[in-house]
Amino acid sequence: MAARLSAERLRGILLPFPTPFDESERVDAQALRANIERWNGTGVSGYVALGSTGERVQLNERECFAVIEAARAVVPEGMAFIVGAGQQSTHATMEEVRRYAEAGADALLVITPGFYRSAMTQAALIGHYLAVADAAPVPLVLYSMPDLTGIALAPETVARLSEHENIIGLKDSSGDFVNLTETLRLVPDDFAVLTGNGGLLYAALSAGARGAILAVGCVAFEACLRIYEAHANGDSAAALSLQRKLTPLARAVTVRYGIGGLKAALELKGYAGGRVRSPLQNAGDEARVEIARLLTEALSHGPQGDALTGSDDYA
Amino acid sequence: MAARLSAERLRGILLPFPTPFDESERVDAQALRANIERWNGTGVSGYVALGSTGERVQLNERECFAVIEAARAVVPEGMAFIVGAGQQSTHATMEEVRRYAEAGADALLVITPGFYRSAMTQAALIGHYLAVADAAPVPLVLYSMPDLTGIALAPETVARLSEHENIIGLKDSSGDFVNLTETLRLVPDDFAVLTGNGGLLYAALSAGARGAILAVGCVAFEACLRIYEAHANGDSAAALSLQRKLTPLARAVTVRYGIGGLKAALELKGYAGGRVRSPLQNAGDEARVEIARLLTEALSHGPQGDALTGSDDYA
Amino acid sequence: MAARLSAERLRGILLPFPTPFDESERVDAQALRANIERWNGTGVSGYVALGSTGERVQLNERECFAVIEAARAVVPEGMAFIVGAGQQSTHATMEEVRRYAEAGADALLVITPGFYRSAMTQAALIGHYLAVADAAPVPLVLYSMPDLTGIALAPETVARLSEHENIIGLKDSSGDFVNLTETLRLVPDDFAVLTGNGGLLYAALSAGARGAILAVGCVAFEACLRIYEAHANGDSAAALSLQRKLTPLARAVTVRYGIGGLKAALELKGYAGGRVRSPLQNAGDEARVEIARLLTEALSHGPQGDALTGSDDYA
Amino acid sequence: MAARLSAERLRGILLPFPTPFDESERVDAQALRANIERWNGTGVSGYVALGSTGERVQLNERECFAVIEAARAVVPEGMAFIVGAGQQSTHATMEEVRRYAEAGADALLVITPGFYRSAMTQAALIGHYLAVADAAPVPLVLYSMPDLTGIALAPETVARLSEHENIIGLKDSSGDFVNLTETLRLVPDDFAVLTGNGGLLYAALSAGARGAILAVGCVAFEACLRIYEAHANGDSAAALSLQRKLTPLARAVTVRYGIGGLKAALELKGYAGGRVRSPLQNAGDEARVEIARLLTEALSHGPQGDALTGSDDYA
């Protein structure tokens, strides 16, 4: 059974893991568990199942629960286990968060509805999230992802929603850094603002973010964690140097090659990647070569460029 | 049981009806049937259930089948009964079209996937639609609706897909008239191009479109049918005059006030409208006054402005 | 000397001619005059010098007057001679229209300012145009060209400005056909609405536009004029067939290959084309081949595809 | 006489000052000089005349030289004196930079051409800037300002241009922080990357930017300089706290109220502000009240919120 996640614990680097599919595009629960078991020891603070990287919108209900169940079984108590949610209607979202909480989610990451986007005023979004927060047995994390939904949560909207005791944080995956800093200015100190944009990790931490939920973290957790620690230690030169190497990889496994790119990177690193579901496209040979190059660079050490040592991960 | 819809029969004015909900936001099948029974005698040539106006993305699976069943029971054999479909994954869309066909759809109107929009290249869309067309027991109509999905089907893409014998037409709801005419140039004569933009009805017909699937048609079928007939009779002055009065209403019940506006207009006309599902917003008092005004204008007759007579519909 | 242009005379097909440059990118006044003298006999009703196709923003003041002077000398009295204008400040635009009127313009085509685009509210644009109209010795034609300026004139704005006696028309180069029809609904009958989008020529005429100012007209005046006449004669089948062949060429010499493409097309047709000014790019070999193909198609006759005869123009 | 500006000296906070106009919208050279003389002692490292904040596109040639002359006379030798430039054609830009250099500019800030935006490929921009750099007697600073021009310089483009010895830096006014960091990764260490976005000041410095050219700096130089120093001293808590108060003011005097807002803020601070030129709008009463509030907050000291002391500037 899940424990309520406190905002306090929502910090550090969290991994919004992809859902491995086998050759027939079926969910591969065993591969999923194996991945998580290896990530458990790396220092990351938690997971997001069924995020946009997890292809939730491509899974049916049964598959969603299979993913939650598989992951829940291997995520240790001390780590955050967040589940992605969010339907187009408020009512369906309320039902979904109830069922995912029951299935073991410590918190829900709830994406903005976006299909009827011209109707999604900030007022409509506030009403939506308040109703969902009232209904949710576990805390909510807001999810602003305008590249996918066409909808951005305004800083003032996040501030208004942060007053609800069951809304504990925000994942901001936009590239709008000024908006992120405005949000940080407007929310209470105990509200957990996380970035979802790997290229902004160090900047977001410097601006006061608590942590990050990063697709690129699934393959470059070492780099992400080092940036997090360098920032915590006030070592801005190291953080900056690491960030510069991380950014091109982060873009490659999100914007440029998408989830197919991330799954290819996972395989290069010795994790289970597998296929994406159509109409998403798997990474081609050229993409794999480029991703391998960026992965090596991102995982190299400091200005000296010496390779990672002591890692059993990187093939 | 459904009959395969031929492209030949896909013409005239079709109504993508909204789904009536009662005060508790539950599907009201009786109200839905009553609406259709009244529309049956108006001269429209068919229906689209579960289109974007039908709030399909806000319904669960059970509700979707309830809507199909209720509508199927009252749509006469001679009229087209099309059902809206389209999931984010190719596989889920294939399953959906199979089941909707089994439930009685004559054809499926399949919207482009759009969540992972940067991955939705025209090549990916071609692969998606070909796989769905292969799987579908009844014909497909392509659905390009960039305002909602962020994805437009290029004229060349439609031309390529029109070669598949199970893809019989296109609903183009974009406002890009040049693209529409390019599409008409590139597809075979027996491919049914329909507009989904009420402001473009007369222009689209003049450009060679076969007909239209229009939300505004649910409340202004008379005006839409008159435009269709005026065009068929070569009476461009009448068509133009009617179109100019229709356009403001068309925009009001789509872009400006959305589905809430359309439902308010239905009630003004004596049909069942009902509520929209949150987070969509019902039309406020000011919107209702404006919609009533635009409805009266759109339904007035020619330059003389005399009212519709012989209509039992308009309150 | 110029005569005031009446709205009545603002109809038919007008040519917004490009400015020929020699190998050193200098204005070639002789080539410009030669082009106009050949166009004079084609049936077009007038010209726009220094439009966006005329690279006005790339010319200095002296060159602008050289173009006006060269063109004015060879444009016959009975044809409209309009000059493009529009600076970022209201005051500079007022000065410009005064001087261009003095130099012989029958009317000015005044583009919206767009550099400070977030400040260009419809209210600011109304104030701007009213001040310019008050100052102008000859009538103004509004120019809405959002692809270049980022600013569209709303139908209500055009309607408001159409009340000024010195504002006689609009060139709408946007692709937003619904907006165009809304504008036509809102302005008085004696206000001249022209399209600037070659792909919309027939549709715009069908919607009530008086004519068109078309870059593609410089190389395909025959096709444009035939569409105009077919529409006037109610021969919609011919108009539609001609339009379908014109559209791909229209896009090629505007959106796709830009002014470099139009100049290449002029040369293919035996007119003076010449170079564009950097950083614009001249058409490459591949573009020229494609343009030649589209030009041949656009100038072929009806469904039989027989070539233009009796034309001394086409090489 | 001007000295070539070295990239080395291009650091700290520079002020892109607005051009004061009197009641008749004429350039007020005396007010301009008075403003500069007061800024000279504040610690800022230089100026940009005729930037986008300077309404260059609203000035005629004579006025541009009047502004350069007035400013040049009062900018001390040790401070950078940069002049804004950039016409739509390469040739006109080459002429402009020659003349502005002759008039006393230490360097030119050259904005991307943007009128023919679909033609402005990165390759076209590279050709444009290389030609201008070859022609310029003093160094160039690239200027990427997509909100105004619709054109962004890609990191790879900046990297390519940074190889030219006469191109010494970049002002990046976009809000795309990931792009900024990519640029910093790709350019040589002696290439001066500056942000033009006040909301990104601290983040940009943390990412390796040398400094900033900030409109908001004209009224909040104290805050900007303190952020710069706090960053230099590694005092990130102070920098962050100051940044959070600066951001809302920065947005108010740029995006929200524009140059009219900045001029109102200047007057509130006791500097010469004056009117903007039409069609730009002066700040209304409500805007002035809001700006006054944000100005007070931005200039308050640290978390204690105690007022600035020892400043003779703030009324």
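Which chain is which? They are A, B, C and D, in the order written, and residues in each are numbered from 1.
FYI, a contact is a pair of C-beta atoms (placed from the backbone, for glycine too) under 8 Å apart; a residue touches a chain by one contact, two chains touch by 3 or more.
Fair warning: this is a prediction, and the values are worked out from it, not measured in the lab.
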Practice prompt. Quick one: how many steps at least from subunit A to subunit D, stepping chain to touching chain?
Written response: 1
Response to the item:
The chain whose C-alpha centroid lies farthest from that of subunit A is chain C
Item to complete: Report the inter-chain centroid distance for subunit B and subunit D in whole angstrom, where each centroid is the mean of the CA atoms.
Response: 51
Discussion item. Can you work out the whole-Å distance between the CA centroids of subunit B and subunit C?
Written reply: 36
Practice prompt. Identify all positions of subunit D at which a residue touches two or more other chains, and write them in rising order.
Written response: none
Worksheet item: What is the complete set of touching chain pairs?
Response: A-B, A-D, B-C, C-D
Worksheet item: Can you list the residues on subunit B that touch subunit A in the complex?
Response: 25, 52, 55, 57-58, 60, 87-92, 113, 115-121, 124-125, 127-128, 131, 147-148, 150, 255, 258-260, 277-281
Worksheet item: Which of the residues in subunit C end up touching subunit B in this complex?
Response: 175-178, 181-182, 184-185, 197, 199-200, 202-203, 206-208, 234, 236, 240, 243-244, 247-248, 251
